[in-house]
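Next up: the structures, one after another.
In the two complexes below, chain A is the common chain; its partner is chain B in one and chain C in the other.
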Partner chain A sequence: MNDRLVQTLVPIGADIFRSLMIAAGIIVFSFFLIRMIPGDIVDVMGIEGTLTYGQQDAMRESLGLDVGWWQQFTAWLGMVAGGDFGASLRYGTPILDLLRVAMAPTLILGASALAIGLTLGIGLPVLACVFQKPLFVGLVQFITLWSIVVPTFSIGILSVIVFAVWLGWIPAIGNIMVPAIILGMDTAGTLAKMLHEDMVDTERAAFVRTARAKGLSRWRIVLRHILPNALTVVVALFGILLAGALTGAITMEVVFGLPGLGTLTLQAIQGRDYPVVQAVVIWLGLTVVIANLISDLVQRALDPRIGR
Partner chain B sequence: MSLTLAPFAALRRNRIPPLTAVGVAIVVLLIGVALLGPLLTPHDPYQFSIRMDESPSADHWLGTDDQGHDVLSRLIAGTRLSLMFGAGAALIALGIGAALSLVALSFGRIAETGVFSFFDLIRALPGILFALAFVAAFEPGATSVMLALGVSFSPMFAMITRATWRQQMARPYVAAAQVLGASRIRVTVVHVLPNIIGALVTQFAIILPRCIVLESVMSFLGLGVSPETPTWGRMIANATQNTEAAPHAVLAPILALSVATFGMALVGDAMRRGFDPDRRRIAV
Partner chain C sequence: MTSTALLHLRDLTVSIRTSGGATPVVRGISLDLFAGRTLAIVGESGSGKTMTAMSILGLGPPGTPLIVGGEARFDGYDLLAMPEREMRALRGRRIGAVFQDPAGSMNPLMPVGEQIREAARAAGAERAVASAKVVALLDEVGLAQVPEIAGRYPHELSGGQQQRCMIALALAGDPDLLVADEPTTALDSDVADQIIALLADLRARRGMALLFISHDLAVVSRLAQDIVVMRDGQVVEFGSTGQILQNPQQDYTKALIACTPGTGGPPRARLMTLDMIRSGTVPGPRRPTTPGDTVVSVRDLMVKYPGRGLLRLGHLALQGVSLELRAGSSLGLVGASGSGKSTLGRALVGLVAAQSGEIHINGLELAASGRRTASDRRNMQYVFQDASGALNPRRTIGQSLLEPQRIHGLPVGALEPMLAEVGLPADIARRFPAELSGGQLQRVTIARALALEPDCLICDEITSALDVSSQAQVLNVLSDLQERRNLAILFISHDRALVEHFCDRVLVMKGGHLAEEGTVMDTINASPKSAKVHETV
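Here is the complex of A and B:
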């Protein structure tokens, strides 16, 4: 009994430990990567001609940029540990406020994309499996092929030209529906492919033959016997899908002119506002780490064969 | 060696699916245009002129952009650049991913854990975000974009290297080599490496179109090459400011990018399926 408990807990502990290490890595990485940028915010504003040398020194002092990197790092680490990312160097606003405002469009876009992706990505393989008609199998193949060969970036720009500029159906900036559909189809393709392959494999399993022999309806066989088995694929892919949706959201935001995290990051990079860049890297990075951890743990719970 | 040639053997055995043939044709065309580039351009791609935003005509087949450049000429010049930068990034990813992981794998457990934690870390950061931060830290430009994409895609090669390496290490020929006294390093380099090259080449074919797209995205975001350089991404970035007046100037590079990635992805996918005979059910 004790052995069994250890056998269950040790891999879980290892998973959590690994996630913590990666999270720590992301935090350290985001600090040092951004610190390698030649020149700081004060230089940039100096070149812009808004500050005298005296003001520049005073500003460095007030921003804490006049001490060595080690002191800056430890001071920053203390703040981040307390959930405080500091203030934007450029606007003076607390970064948490900036993030909160910018999070909304990114989250809405990412979440709608994931919702569309999960609906199509699970729905189409299920229909294909239930009916086994060329139409549904063809749809699965189409969306799979689509996500492999059509990058969201190019189809996004094409949609802006066609729907916004030519047809005038959507506003050229600020539309969230079209990018959500584009990202959703991309997510759906990745998922539908894996799920379809897994369901076709499961179809040959002995317990499915038994279910058929019992005379169960096709829907019941698929929904109660095949799908639950294949759903581990969805769980396993969840972290990757979420990361993909967030990454895609960053590009789509810029293409469709949404004021989200991507736009914020881009502006911050151009303005050398590194605390903002750090904060975004940490937020998104930790989101992905947590999603991956949850997906690992759920997988372990669902499938006892993993990690033994 | 049989495994190395598996995808091609699979293609020879079966009839080549029509879509794969389309992909191959596109890739061949792209390589041709990239190689012959300067011979094909009807105008100087860098030449400004006062004939701005002109619609396609006999003189300018794809029209001109907002600075009077000939769009077709820039598109052709851009083919070479975009393919080069994309391939550069993918090669860097292959180099870092495969080399680091093979070294780590041949040295043993501790090296493996260390190196693969590094890859896990990179994998945890959304790719484009990593590339953005990386390019911001160094000077924006073609080299840092290639490096950034190379590093951010390297885990994709590391994972496939480790997976195939493990498969190969379980094979009898490895045991035979070990019995004859070959060290772990020798087994990895001399015996296993030749057998995983095929998997790496396939992965390269899958990653290459993604690198080309992401290079374009980075240029589009203003973090890639200088504005004058006619990569497809840069052309898209310049022309999207001006879609009303010259829609052809943005359509041309976006379609080129789409067709290129379409073709390459088809070829990459066909190669992947050639490796994995069980997974050929979704026949493309």
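Here is the complex of A and C:
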């Protein structure tokens, strides 16, 4: 029994260790990535023509941008290790405060998009599998095609024009329901396509024939035998779906004028507000790493054959 | 008479609807199975035996609409006119089913006890009763002494234990009829014997009827009271087991009996084939044994497969294996799947690296790392289980046959004698693999392996995908070749009867070790030790 515990825990430990390594990589990567864009915050403000060269040098010195990248990197790493992401170069406010304010709309948007995506993305293939009617299979195909063909930002802009400007049903700025539906349908399409294909494959498995030979009802065959087996494959997708929902949320925020993480990031990148961009990239990166870790662990819990 | 039959089929026809119309797979089957009796349907693959059973259960393959005609009655119910809802009530409660592939036939994500409980619940057992029933059923199929059996997942059980669980599952509704579709085909022969005995015992104890479907007459003869022989969707012959085995009327039945190793005469005898019966010829003489010099010798071979990923341990596939293979003799290697018999073959030809040990061929040592010179490779050739996968589908048979000589820079020989040597007509050289039958393909791969005139041939489960009649042809071809060329053959198989028929000496592998060794006569006379080792934990 003890042996079995070790056999279960060792691969989980390996998963967690791998996630930590990736997280460390993201932290390093985020620092250098934003510096790949030419020009720093002082150059950006200089272009606006409000600063003399003398003022620019003084500003670089005060912001700590005059020393080499390596020195900046070690200083910043020391701060991050202590849980301090520093202050925004532009506003001077602590970044954690900025993030806290911006996070709420993004989390609400991302979570409701994911909820809609999971409901449609799992529900439609299940209905298609249980009833095997052209209507449900057609719905699966429609939502799949929709997510491939229709980019979220274009349908977002279109909805603002139609629903906000022409019809006046929603406010042009600050509506969260419409972007959540748009993102949810996008997520659902990817999920529904994979799940539907896996369920059709699983239908042919010998154990499904056994379930039919037991005399089980169609619902029970689908929910207890086909769906869990098909899900073991799809669960691996969960991290990617979450990443998609988050990045999608960023563009949707800009289109629908939500004061979330996306708007903050866009402004920070355009203004070369290095510590803000780094903090956002780290936060998003860690979210995806954690989501991937969770989907790995869920997969392990679902499928007794993995890692034993 | 017919009114009392539990299962009553008259002119049953089954067709599969395809884009080009309907393809008939069962063309008018009539049979009666009475309560408490065992009826076997015997036939080769494609004979329609499985389709017959599945159409009774209403369990056609998903997505392929079956067109069923004729008459099928179970206990008076018209099976063909029944709506799905009523069929569902019959399945599990009145008719249970056991399938060929025990590993795939159970949900891999559910403990076996839970799956049996689900079957009991579906058959109408109350919640509390169902749990008690699981324990009773597991006991009934001989798994009571396995610790925590009900909580285990299918992959944690051996093949025999899986099939026992499947039988328990099929019996959860106390059916009047159990349909068993090739229940022992995927199992090793020792385990298959136990499953047959269990089925016979259960049938007698429960007084249920058993419809047993198999390609193997030897298996069927131990269980069935009546036998239906099927071919191309039709009944060839019907009768009691004694009648069919002792006094078969049809050529096809005669061939089926004669070409089964074990029932088909003494060891090393040439086997009868359907063509021989048709043409009235008799099999050639018994192959003589004249063991010559040692061709291959192996000392203390160890093979370890590396583990995958971080912190995962390797798996020891072979340990301390030593053997000797002589010219003109066949050495059989039997063992359960995963026992390391294929790994041994692969290590010999250098497909996997050995960690330690020595391999000599004709007195010369081969590199354990698996590196081989061209002449090393010429001396030892491998024939694989899956013949259609071993031939390039885009090359003609002729092109494939001449490739070894081209690779080794040898003068390219004529195709006709190569094909004639394995009993194939010359015009096959122009055809593609997809146009040939499994037996023909396997003879082509043997011909290709012989193109380099090796001293040693490794045959890895070469007949396990073949029907008994094709198997007989392939074995006869191998016998001829061994006699003519003084070949040393390492014959790897999970089928003990087959190995004992074909080989001079038999090695039994278990968990990467050689478990026992002996001449064929030894192992037959002294009943094999490993058969007594109960496969339950």
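Here, the second predicted complex is superposed on the first by the 254 of 308 C-alpha atoms of A that agree within 3 Å, B and C clash if a C-alpha of one lies under 4 Å from a C-alpha of the other, contacts with A are read in each partner's own complex, and residues count from 1 in each chain.
Following the convention adopted for this analysis, contacts are C-beta pairs under 8 Å (C-beta built on N, C-alpha and C of every residue); 3 or more make two chains touch, one makes a residue touch a chain.
Please read all numbers here as calculations on a predicted model, not as lab measurements.
Chemist: Which of the two partners, first being chain B and second being chain C, lies in contact with A:119: first, second, both, or neither?
Modeler: In the superposition, A:119 touches no partner, neither chain B nor chain C.
Chemist: Is A:55 touching the first partner chain B, the second partner chain C, both, or neither of them?
Modeler: neither
Chemist: Should A:213 be classified as contacting the first partner (chain B), the second (chain C), both, or neither?
Modeler: Touch partner of A:213: chain C, not chain B.
Chemist: Going by the contact rule set out at the top, does A:18 touch chain B (first), chain C (second), both, or neither?
Modeler: It touches chain B and chain C both.
Chemist: Is A:277 touching the first partner chain B, the second partner chain C, both, or neither of them?
Modeler: After superposition on chain A, A:277 lies in contact with chain B alone.
Chemist: Is it chain B or chain C that touches the larger share of residues in chain A?
Modeler: Touching more of chain A: B.
Chemist: Now for A:151: first (chain B), second (chain C), both, or neither, which partner does it touch?
Modeler: first
Chemist: If you stack the two complexes on chain A, which partner ends up touching A:71: first (chain B), second (chain C), both, or neither?
Modeler: neither
Chemist: Touch test for A:93: chain B only (first), chain C only (second), both, or neither?
Modeler: So A:93 meets neither chain B nor chain C here.
Chemist: Where on chain A do the contacts from chain B and from chain C line up?
Modeler: In chain A, residues 18, 200 are touched by chain B and also by chain C.
Chemist: Could you list, by residue number, the parts of chain A that touch chain C in their complex?
Modeler: Those in contact with chain C are residues 10-11, 13-14, 17-18, 200, 203-217, 220, 224-225, 228-229, 232, 302-305.
Chemist: Per the contact definition, I'd like the list of chain A residues that touch chain B in the complex.
Modeler: Counting only chain A, the residues touching chain B are 18, 21-22, 25-26, 29-30, 33-38, 140-141, 144-145, 148-151, 153-155, 157-158, 160-161, 165-166, 193, 196-197, 200, 243, 246-247, 250-251, 254-255, 265-266, 269-270, 277, 280-281, 284-285, 288-289, 292.
Chemist: Mind pulling up the chain C residues that touch chain A in the complex?
Modeler: Residues 57, 59, 61-63, 88-93, 96-97, 99, 101, 104-110, 115, 118-119, 122-123, 153, 155-156, 166, 169-170, 172-173, 309-312 of chain C touch chain A in their complex.
Chemist: For chain B, which residues count as touching chain A in their complex?
Modeler: Residues 19, 117, 120-121, 124-129, 132-139, 209-210, 213, 216-217, 220-223, 236, 240, 243-244, 247, 250-251, 254, 257-258, 261-262, 265-266, 269, 279, 281-284.
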